[in-house]
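Each of the next two complexes has chain A plus one more chain, namely chain B in the first and chain C in the second.
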Partner chain A sequence: MYRFIARRLGSGVVLIAALATLTFFLLYLGAGDRIARQLLGEDADDAAVRAKEHELGLDRPIWTQFGHWASGAVHGDLGTSWFNGQDVRTAILSRLSVTVTLVIGSTLLTVVLATVLGVVAATRGGWVDRVVQFLGVLGHAVPNFLISLGLVTLFAISLHWFRPTGYVRFADSPQLWLSSITLPVLALTINGVSGVVQQVRGSVLDELGRDYVRTLRSRGLPESRVVYRHVLRNAAGPALSFLGVQVVGLLGGAVIIEQVFAIPGLGQVAVTATGQGDIPLVMGLVVVSAVLVVLVNLLVDLVQGWLNPKVRLG
Partner chain B sequence: MLWVRRITAGGLVVGAVLGLAGCGGDAGTAAGDKNATGARATGTLRLGSVVVPASLAASKAAWANDAPFHQAVYDTLLRQDPDLKIEPGLATEWSYNADKTVLTLKLRTGVKFSDGTPFDAKVAAENITRFRDGTSNLRSYLQEVRTAEAVDASTLRLTLSAPNPALLSYLAGAAGLQASPKTFGAANADTRPVGTGPYVLDAAKTVIGSTYVYKRNPNYWKPADQHYASIVLTVYQTPTATVNAVRGGQVNGVAVPDASVQQQVAAAGFDVKTSELNFLGLLLFDRDGKITPALKDVRVRQAINYAVDRPTLVKAVGKGLGTPTTQIFKATDKESFDPALDGRYPYDPAKAKQLLKDAGYAGGFAVTIPQVPSGSTVLYDLVKQELGAVGITVKYVNEPQNSLLADVAKGKFSVVAGLPLQTDPTAWHVANFKLLPHATWNPFHTADPTVAALAGKLQTGSAAEAAKAGKDLNRYIVEQAWFAPWYRPRLGFAVDRNTTAVPQQNNAYPYLWNITPRG
Partner chain C sequence: MSDPSLAVPDVASVPAPGSLRRLLRNPLGVAAIGWLALVLVSALLASWLSPYDPDEPAARDILAGPGSAHLLGADGSGRDILSRLLHASQISVAGAALTLLVAAVIGIGAGLLAGYYGGWTETAGTWVASLIMALPGIVALLAVRAVVGPSLWTTMAIFGVLLSPAFYRVVHAAVSGVRNELYVDAARVSGLSDPRIIGRHVLTVVRAPAIILAAGVGSAAIALQSGITFLGLGDPSVPTWGGMLNDAFANIYTAPVALAWPSLAIGVTCVALTLLSNALRDALERTAEPAPTRHDADDEHAAPPAPSGGEALLEVRDLVVAYRRPDGSARRVVDEVSLSVREGEVHGLVGESGSGKTQTAFSILRLLPAGARTSGSIVFDGTELTGLPAKRLTRLRGDAIAYIPQEPMSNLDPSFTVGSQLVEPIRTHRGYGRAQARARALELLDRVGIPDPERTFRAYPHEISGGMAQRVLIAGAVACEPKLLIADEPTTALDVTVQAEVLDLLRDLRDDLGMGVLLVTHDFGVVADLCDRVSVMRHGRVVETGPVDALFAAPQHPYTRALFDAVIATGEPAGSPQDGADA
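Moving on, here comes the complex of A and B:
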């Protein structure tokens, strides 16, 4: 098991290093002399642009810049934002918890709802199955931002149950924190559930047709025990793999959701930094996102191994 | 007992939802009291911004929509009232020498920064030189300042290499911000501003780039300008988020530059005040014909002006919220603006064709214009259609959003469409930013003796001579068709029923002390 983890972590580090290097050169080689102008806007004169280039070190050779960034990154220093001078690590860490809260909340809801709906659709069949399938397709087809708008209009603006925008830290007010994340989490979850529920339904249906299920039933086990104790455990593998992909997708979905709800998470800052040409911040976000993806995949592999020991052997 | 558990669980869910009911709005939002200022000020002013502010350091400060972020913490040497009259700030008196190359300012005494450091002339001089030599986008405002020195503890003297008619207004904005010397060179100066201003940044509650929280400075020298106990400035990066915040009662005041958002915000009961601070149009930069030879002929540039149907553009692109114009000077600049020039080039395709024929381009010519992803497709289509109708073939090239400003400033394009430029507050600003050979928005460095002579009068002439030169310069630029402006879009600032805001004539965002509780 430890060798398995070490191997996965090792390949993850190589992946992150390769991705960071590639991203650095793509961003910096394309940057040229336009970054300082973009950062300063249309009011700046040429002298201001040149002074900014010097301040940012853009007048140094690209290999020098890469060496400077890479040596800092290895020691945990991701530089400072070109736009507002904030330490990149601080900027990302202060927002990481917000995005992670959204993603974890949405993932947990997705797991519970997709499992319940998927099992019910597979075991009940008939109109229940058709309704679940229809809702699954609908939820997948409607874009995130439209779902968000609908939720805000109904629950925040009309009913005043939740906050329409913004984020309150749990430490400041648990009640307002819950009020601020409920709608964003729901918006993310609707898309997530739509995908996973189909996977759970399909896997459960496959398992229900297997010989061991017939054997369990012939021995007189209650149907609920057959489904929830045996079928679900075996059906979890494919659904879990899909869920892993979904979690990474949720990080992407958070970009839109955080914009609509004005939530200070990684997605919001990613859009801002990209638009402003704030390359150190973009680099930091790429590295952190890659780390998150590697960790999620590792976690999925570990859970798969726990559910099915044959995976560990592979 | 399963049903008992189900009922209990269901009750908990309903209870939780009901518990959340009523916490959708902002419990912390308070209207404040019109008559209570300083230590008696109450409530939180919640403002929305459409931009993420750049550095919070005074030496790197930007202005316009960044202004409230700085005005909360810093004072400026001078101030401007909403009608642009210069007023005392940290400087109480000011005077020029005879040839306007030495400005002497008498500074307020007994003022301290929020970190306890005394404010004096030495600190003020340092702030001036740091801004001049810093990396603010507006550092050119102080390019004529040769030296800044403390004559004594309360007297600051600025010696200029040449007169700058706009210097006093610059010292009432970004160039006049005064930061504590303890922040000079500090590693966190960009995110931890320290000034003498009415509020202090609450770093623990602030999320840089998203939400900025300020609390009242208990030692502020002018408590009458503290109308609230605290201020929260939140960045709303999408029109949807802005509208949701307004409709959800989460803001007292918010900038609404987008025309469709203005309508939605007004429908939600907000009072929207608009001002015309930019102009939109075709920027005919290649007046020497280096890339597009046809543009060297003034008749061709005039033909382009006649080919544009401005009312249609206002309706289609600006959703009806804009004033058609053919001049780039600011409507509030009484000395240079000429209302008659707004209609100098009525829509007249026949006249445009005739001018092109007279200039030797009866068969038309082609021009390449950059097209950016965020640009309005309606705008690009209309430009192509209207210029095409008089024989000018428009070819669009895709331009990355991040590259546009740099490429335009380098003179890569002879004509640019749909890039809004600021209508500068005075003719001197216009000359320095758009007309003289060194101006950023004269990327082909077009040199014109008439422009140079009129700019000289603006700089060194008497008040009467400068006023006449401003009007003459405006008329000359319109006649020479250096630009083909379409309209001045109306930018908006909206306030709720509990708040009033007096628009600042030269700024997109009202000045902070002019946003007050409604009585």
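Moving on, here comes the complex of A and C:
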């Protein structure tokens, strides 16, 4: 088991390093000499632009720049923002918890709802199954910002159940915090459940057709025990792999949804940094996203290993 | 977007001639095509259809509601919403097409290379694909946007690169699946060049999955394009659905209706593309998923309580098992079968593959696959089983009636230890505590001849051999000392030496427990070794039944004689063990 974790962790680190290297060269070579002028304004004179480039270190060879960035990054130093000189790591960490809260909340809800609905659809069949499948297709196809807009219009603006936008920190008021994240989490969950429920349904149907299920039934186990203890555990493997992909999708979805609800998370940082051409900040965001993705996949692998004895040995 | 990893490479997924007709018979598919055609037409004819210049603001019309002047109203700058919507559909269609083109060219090209040639191209391709997929698409796009600026076309092209792994994975899987197929080998041997083989043989395999995926990728492209422009990161000089949404969202309190139009355009288009993808999958792959139905077979009618047959433990009368064909007619796989099993007697049920013997056995336990319909009477120990409430039948299963399957490994739950699978039914039926049930399970493992019961108890199914697994299954079957044991080809999947041991074990257990046994087999050796009586089945009917000695000495039915002859001629029994699968 430990070797299994170590190997997964190792390949995750390689992935992050490769992605960071690739992104660095794309961004810094792509930025060229446009960036300094953009930062100073279009009417800045050439001397000022050169001076700015020197200040940012852009006049050094790209390899030197990369070496400088990478040696900082391995020590957790992601550089400083070109725009306001803020430390990139601080800027990201201060927003990270909000986005992660959204993603974790909607992931947990997704797991519970998708499991229940998927099992019910697979075992009941008939119209229940058709309704679940249709809603699954619908919820998966409609972009999440549209779902968010629909939720805001309905629950916040028409019904006044929730505040339409803004974020209250848990420490300030747990009640308002809950109210401020309910709609965003719901919007992400609708997308998440729609994808995962189809996977759960399919896996449960696959497992229900297996020989061991018939044998368990022949032993006189109650149907609920067969389904919820045995079938579900075996069906969880493929569904979990898909959930891993879906969580990465939720992370991307959160970036957009935060704009709708005016939530100060990574999405806001990302959109602002992108608009300003703040390359160090963008670079930091890419690295942090990759780390999150690797962590999610590692977690999925751990749960897989816990559920499935064969993976544990592998 | 459909998940590419779910697509199964399959030679049968080559588009069939009737696939277009099947697509047009699907109402959702037709509706999707209709909407997409509408979007396409409005994109092409936007300049003619638009009542206004989409970019011309009119101060007096700012946020005008829908009416005669502006059919759908005007936006925050007083521009006509309908005209902007029509013009924006050009951007959406062209943008999605660009994304699709880039994704398809890169993904299919790389997938063909990697799938056909394998080796380092495969390693490299798969690694790059997983690298690209390691970032949420929107994060990667935002990063790119930071250096290339707001050009929508660059964004869409880059998004195509980001989506290309979806095509790559599907194509790679499909191609590596056929790489070593005989017809591809034959083409290679006959001297066809690689490009021609790829063009002629390999591309046909890729066509259907790629078409299905394309619709899904189109949906993702439109969603993302709208998302980016909604965030305000698009080019403000071009009308886009997402940009219109952004404008309407800013005025959500004053003119909420304006939000509806771009929302509908984006939402319905994305849903239409997804529905089209699903409809294409149904039409092209023809692998309609099995619809789930309740696993319990429906009883067509409960037979009247049969007169109890005296000494018979199991009395089956006029049993019929039928399945509905796709055209609605019923196919009888078991046709008016009658047989009886006495206490302590081993009754053999023989016949070739597809003769209905396994179906007969399953219907006694009510373990038939979904969709089976049964009628007739099954009386066990004085109780009519047909029509018995599911709860009461469940109580009989594993307690008074037990079952031994054919294939040992697939009949143990891979995720639980052998011990826990033995303990669970014992606790259910006997109400034992944990320790007591454990002791009973260990005793059973010892009884069926497992050398180290403690170790096997703790083992997972994949850690024990097939012969051991079959002993474990026998132990599980006799755990509650059943009166009737139904064994479905219990030795077919085992080595010859193990077969003899398992048959000995079954005989011992029968003697110890005084069970009646219904033994399904195609092996006359097993019949001769173990059975007291035998019924021969063919085409779902019992053609001959009687004591083993009499039947072996003088088979009456020509089919029985033919079966004997087949055994003598080939040394192998007729038929394959896969009776349950195709019956």
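Here, the second predicted complex is superposed on the first by the 300 of 314 C-alpha atoms of A that agree within 3 Å, B and C clash if a C-alpha of one lies under 4 Å from a C-alpha of the other, contacts with A are read in each partner's own complex, and residues count from 1 in each chain.
Everything that follows uses one rule, which is that contacts are C-beta pairs under 8 Å (C-beta built on N, C-alpha and C of every residue); 3 or more make two chains touch, one makes a residue touch a chain.
Just so it is clear, the model here is predicted, and its values are computed rather than measured.
Chemist: Evaluate whether chain B and chain C can sit on chain A together after superposition, giving fit or clash.
Modeler: The answer is clash.
Chemist: Taking the superposition as given, does A:I157 touch the first partner, chain B, the second, chain C, both, or neither?
Modeler: Once the two structures are laid over each other on A, A:I157 reaches both partners.
Chemist: Let me test your reading of the model: by the given contact rule, A:G277 touches which partner, first (chain B), second (chain C), both or neither?
Modeler: A:G277: touches chain B and chain C.
Chemist: Mind working out whether A:L149 is in touch with chain B, chain C, both or neither, as first, second, both or neither?
Modeler: Both chain B and chain C are touched by A:L149.
Chemist: Would you sort A:Q86 into first (chain B), second (chain C), both or neither based on which partner it touches?
Modeler: first
Chemist: On the A-aligned overlay, A:A44 touches which partner chain: chain B = first, chain C = second, or both, or neither?
Modeler: After superposition on chain A, A:A44 lies in contact with chain B alone.
Chemist: Check the residue A:G125 against both partner chains and state whether it touches chain B (first), chain C (second), both, or neither.
Modeler: A:G125 sits against chain C, while chain B stays out of touch.
Chemist: Between chain B (first) and chain C (second), which does A:Q259 come into contact with in this model arrangement: first, second, both, or neither?
Modeler: So A:Q259 meets both chain B and chain C here.
Chemist: Which chain, chain B or chain C, is in touch with more residues of chain A?
Modeler: Comparing touch counts on chain A for chain B and chain C gives C.
Chemist: Would you tell me the residues on chain A in contact with chain B in one complex that are also in contact with chain C in the other?
Modeler: Shared contact residues on chain A: 35, 145, 149, 152, 157, 259-260, 271, 275, 277.
Chemist: Inside the complex, what are the residues of chain A that reach chain B?
Modeler: The contact residues of chain A facing chain B are 32-49, 51-52, 55, 80-81, 83-86, 91, 94-95, 145, 149, 152, 155-157, 159-166, 172, 175-176, 178-179, 182, 259-262, 264, 268-269, 271-272, 275-277.
Chemist: Within the complex, which stretch of chain A touches chain C?
Modeler: 15, 18-19, 22-23, 26-27, 30-31, 35, 121-126, 129, 137-138, 140-143, 145-146, 149-150, 152-153, 157, 195, 199, 202, 205, 208-212, 214-223, 225, 230, 233-234, 241-242, 245, 248-249, 251-253, 255-256, 259-260, 270-271, 273-275, 277-279, 282-283, 285-286, 289-290, 293-294, 307-310
Chemist: Residues of chain C touching chain A in their complex?
Modeler: Listed in rising order, the residues are 1, 3, 5, 130-131, 134-140, 142-148, 219, 223-224, 226-227, 230-233, 245, 249, 252-253, 256, 259, 263, 266-267, 270-271, 273-275, 278, 289-295, 362, 365, 367, 369, 390, 394-399, 402-403, 405, 407, 410-416, 421, 424-425, 428-429, 460, 462, 473, 476.
Chemist: Flag every residue of chain B that touches chain A in the complex, lowest number first.
Modeler: Touching chain A from chain B are residues 17, 19-27, 52-57, 60, 62, 133-140, 143, 189-191, 205, 207-211, 234-238, 240-241, 244-245, 247-248, 250, 401-403, 405-407, 409, 419, 421-422, 433, 438-441.
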